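Before we start, here is the structure in question, set down as structure tokens.
Chain naming follows the written order as A, B, C and D, and within any one chain the residues start at number 1.
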Amino acid sequence: MPELTFLQAISRGLWEEMEADKSVFLMGEDIGRYGGAFKVTEGFLDRFGPERVLETPLAEEGFVGAAIGAAYVGLRPVVEFQFIDFIACAFDPIVNFACTSRYRWGQAVPVTFRGPWGGATKAGPFHSRNVEMWFAHAPGIKVVAPSTPSDAKGLIKACIRDNDPCLFLEHKALYRRIKEEVPDHSPPIPIGKARIVREGSGLTMVTYGLMVHRCLEALGQLQDLSVELIDLRTIYPLDRGALVESVKKTSKIMVVHEDTRTGGVAGEIAAIVNEEAFEDLDGPVIRVTSPDTPVPSAPSLEEAFLPSVRDIVDAARKLAAY
Amino acid sequence: MPELTFLQAISRGLWEEMEADKSVFLMGEDIGRYGGAFKVTEGFLDRFGPERVLETPLAEEGFVGAAIGAAYVGLRPVVEFQFIDFIACAFDPIVNFACTSRYRWGQAVPVTFRGPWGGATKAGPFHSRNVEMWFAHAPGIKVVAPSTPSDAKGLIKACIRDNDPCLFLEHKALYRRIKEEVPDHSPPIPIGKARIVREGSGLTMVTYGLMVHRCLEALGQLQDLSVELIDLRTIYPLDRGALVESVKKTSKIMVVHEDTRTGGVAGEIAAIVNEEAFEDLDGPVIRVTSPDTPVPSAPSLEEAFLPSVRDIVDAARKLAAY
Amino acid sequence: MKANPATEAPPRAIQLEMYYYLRLTRALDERAQILYRQGKIIGGLFSSLGQEAISIGSAFALEKGDYVGPMIRNSGTVLARGHSAREVMSNYLGKATSPTGGKDNSQHFGDIGRTGVVSCISMLGTLVPVMAGMALGARMKGEKRVALTYVGDGAASTGDFYEGLVFASVQRLPLVVIIENNQYAYSTPTSKQSLLKDLADKSKAFGIPGYVGDGNDVLEVHSITRKCADDAREGRGPQLIEFKTLRMRGHAVHDDASYVPAELFEEWKKKDPIARFERKLRLSREEKESLEGRLKSTVDDAVDFAETSPVPPGEEACRGVFEDDRIVQFTPWWKKDA
Amino acid sequence: MKANPATEAPPRAIQLEMYYYLRLTRALDERAQILYRQGKIIGGLFSSLGQEAISIGSAFALEKGDYVGPMIRNSGTVLARGHSAREVMSNYLGKATSPTGGKDNSQHFGDIGRTGVVSCISMLGTLVPVMAGMALGARMKGEKRVALTYVGDGAASTGDFYEGLVFASVQRLPLVVIIENNQYAYSTPTSKQSLLKDLADKSKAFGIPGYVGDGNDVLEVHSITRKCADDAREGRGPQLIEFKTLRMRGHAVHDDASYVPAELFEEWKKKDPIARFERKLRLSREEKESLEGRLKSTVDDAVDFAETSPVPPGEEACRGVFEDDRIVQFTPWWKKDA
């Protein structure tokens, strides 16, 4: 069984889907001979040719619109943003065109948008943005954010096979940092299902993306507590069932995310837990998030901005002692 | 004291600010001779001339960028979107250019974005959108959404005088529906302060925009309950103090909004109340919102989509009885 | 450049059909105006009065199987490409029987499989890249389809129009974009959108052909569009056409267009595309009678169908966002046994 | 169109300054390359090697008080418009003493009041409408300022570039847009951005003048830009210039540019703008010595300043989003007495 990095797993997932289904093709800047800014599609051009590894001009609104049109006629475009931050340039066609077609006139839009996402890479305000909630709040698109190679491979496949628009977020701080054995031709992993990373009974810790790994680090310092760690994996639709079930068991929940505080998914989870497990709560829902600022560039600033292992440990202890 | 509609109050606010400060000017489509799609700027061209009532080509990214540039050199542009939905077309320059300038290099951007907003007008998916949370989740811009003529006039003035970007949302279902006496040359109303519409001790009902009026209607059927009704008025920054204080008094809180559920401000409020008043809560935070769909056009569908007076009453009774 | 019509006019039988669709478009528009005043139309009503030749001439220039993306003033295109008058009317009235089941309004509907018509969205210019993508998709599937869409003189100012043609030009896609220059974008004259005398010159930014034509001459519209569609189909890449016309009503019903000089209306009234085509066609008595009859029955039936159709049931509001409706359907606990 | 330089070359004293800034730009770039390999540069490093003449020639063509919006390869412009080498270096290193205090990186900084320089953002094309707005604002204030900005051959494909010029052209704003055509957008050759031989022809979409110039001839860059700035200042509206050059390194340090044909590099090496200008200038021994001394001390001082400056303190991360910092500063209860 091959051992794959996070990046290789995504690459393999794309490759296997393209092998399996002629209607799947890639669009984006520099994804051909160059293999993409992070080399996710390295080697694809030679294997699949320039039609299915389609290099675009520097025009996000143009090629996103084109992807929607191609999806209209039955293809399954997978659009790479060189950095996910640039999805802001194509916000309109995604939220207004792709997200509303099925609802308005029954026209499916099987398109996948993907790209390097998130911070902790000293990349500054325009190459580190957490875009997930803009789209979780735009009805009509699914938002997926894996944290392990096997999840990444299984979920990119699910997104490509999904008959609705999907946004697949690839944490670039994980691209080359983590490895895992992932079988060839592994099956898709269902969208909308969270993963219990570690079972526990004392408190529930919910997170996703890079923060899954920071939370695991924190658990090393929380051996004395029985923490249930949940990786959301999908931001929209949220796995309400998994969250509620865990809280009913632990009666305490904290949410950790790299995304900025106001309007982040932690608030949504706080509301869900209130709605469906209020009686079980023995403490407030705690949020450990970034502040409401752009992502600063210098390491000393970015580390102050991001939730730290220390923050996670402190919050967990406070909640446990509550 | 003149009695003004919601629309007239906004218009007066703009007029008085333009009279008072030469650096204030308007940009937008059809705002000159035609006076704007909803006639908010009717008569402005004759009084202030084409330079300060600047009609733009049909290019939102272009004129939003231009407004940012004008603000860079000390002017105070007020940009009208013909319908606020079209702000999606200028999402990138707002969240990336306007919202980050002060943080990145200390350059202020005193610009106000405004436009007709919200549903209940049978206007369909592209003329009814609730855009507030996209921007509440984009650090660097304030989001204001008044529900009365006097608040509208005071808050548009505050936005124009504010030295940071502001998004001013004008519920178009209120434009001509409500009237109020508003003094000439009334002072600005501070951004970030909620308004207690009605005092109460039994439960807190939080809302904003058009839903303030639906909640008032609901209160008519809830005479037997002591409901404290709070109009947020500002979505970002939220008036945490007012919310927490009220919950400490009532120990129960429900949030009503026209915006779709997932990622709506109700979740944020649920989290805030958990963080700062968990001990005081005698019941779950309740959300009465629209579902996660585009805004349907037909009245029968739109009414099913929007929170109804009936929904508000039912939710309030359930919470009161909790 | 001026196009010298490369294709000869269609046979009389086809011309009679074109005439019928011109008349049908206008007749439905007139009925819709009345229904609007009766408060029965959901959303705005955007008239194509005086511009019908652009929709009809271009729609007839396409082959079966071609794709077309109409804007809100192109109900003529929608009809000529195979959507029924019933569909048009019921969508105006937001009925359960309409193509969108009342979820969207106006000319916002389509059916790619049946008619090749794509539903526009309100954000202007956005159809250009989308239609480019449909042309791309068809080519990838080895089909020789052409995609055609329309932008107004206002929408031609959008970045979407530009990026769509940037993409289409480097990909040499079979895309025809028609700029329907009706001299106004809402109340804004074209002089406030561009310094160009001919918006067709925007083609020079992409290195693609650009043509200017008389938008009130249905046969000229047909021949220029036909030539462009043929060229696009033969692999000569995207084509840009500007048809000049005048919007003969306000932007929408509520707008009295007082900002349009009366003389301009006068001048263009004389160029009415239907009257002009009539003079050319010289219909026989028989032709006229059968046509009027067909027209009346079609319009009456459409209006009747739309008016008598049921409104959509509220539950529908929560259906159809995703393939799986359960994602959106959600009943809060306080509503459950309420 | 080809511009016949309307303005004669600047006096030798100025030319010596231009030469100095060309050299300074390149010297700082070379030092930055080393610092990058030492892991000291925050964010990417985008070299202007071989393109310096465009930044310097255009920067010197502007008047004091004009506005300029440089992109990431225009450190030459930033320097020539009055930012110090210390500012450039300390921003690369993300230090507390840098113009952004470490909040942003690369060439992303400016100071409108002091230098008229605007900080770009990474989203390409977005500076065009913003600079148009600055030109508009200056005009409203009765000032005769010109605004100038740059886009690459790739950025010229963006809707922002288009909408910015649509707006500027109908407003007849004093805006000069330079397309810095270095033949590649990252790994993408210009042929995949446009069918045009000369990107300057994009000017025809707006009805504004377009010029093509040799981007490796600093005096030609200066004279064409000067003419355009003068015309813009005199109310002739926006001007578009394409300067042809070649990016002599990869897109950024990590990119070996193996996709660029070796012959192309060879060919353009011969056209090196600094070598060419040197041959023209024939510096005297004295001139050379004083210049080399000034250069070395400036660069050493800048690097030393940047390296020895402190990193920004963490608390700064929560400052400066709004005028009132309290809006953002927030300590959750679990952190309070932690």
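Side notes on the structure shown:
The rule is short, and it goes like this: contacts are C-beta pairs under 8 Å (C-beta built on N, C-alpha and C of every residue); 3 or more make two chains touch, one makes a residue touch a chain.
Owing to the predicted nature of the structure, the values given are computational and were not obtained by experimental measurement.
Chain centres computed from CA atoms place D at the largest separation from subunit B.
Note on chain placement: the centre of subunit B and the centre of subunit D lie 39 Å apart, centres being C-alpha means.
Separation between the centroids of subunit B and subunit C, computed from CA atoms only, is 35 Å. For the pair subunit A and subunit B, the distance between C-alpha centroids works out to 30 Å. Of all residues in subunit D, those touching 2 or more other chains are 100, 103-104, 108, 121-123, 157-160, 162-163, 166, 170, 192-194, 321, 327-328, 332-333, listed in ascending order. Looking at subunit B, one finds that residues 57, 59, 61-62, 85, 88-89, 92, 96, 100, 103-104, 125-126, 139-140, 275, 286-287, 292-294, 296 touch two or more other chains. Viewed as a network of touching protein chains, the structure reduces to a complete graph with every chain in contact with every other.
Residues of subunit C touching subunit D in their complex: 157-160, 162-163, 166, 169-170, 191-196, 201-202, 204-208, 237.
Only residues 85, 88-89, 91-92, 95-96, 99-100, 103-104, 125-126, 133-134, 136-140, 236, 238, 260, 262-271, 274-275, 278, 283-287, 292-294, 296 of subunit A touch subunit B when the two sit together in their complex.
For subunit B in complex with subunit D, the touching residues are 25, 51-52, 56-57, 59-75, 77, 92-93, 96-97, 100-108, 139-140, 142, 162-164, 192, 237, 275-276. The part of subunit D that touches subunit B in the complex is made up of residues 67, 99-100, 103-104, 108-112, 118-119, 121-123, 126, 128-138, 140-141, 147, 159-160, 162-164, 166-167, 170, 320-323, 327-328, 332-333. Within the complex formed with subunit D, the subunit A residues making contact are 29-30, 32-34, 37, 55, 57-59, 61-62, 82-83, 85-86, 88-89, 122-127, 261, 286-288, 291-294, 296-305, 311, 314-315, 318-319.
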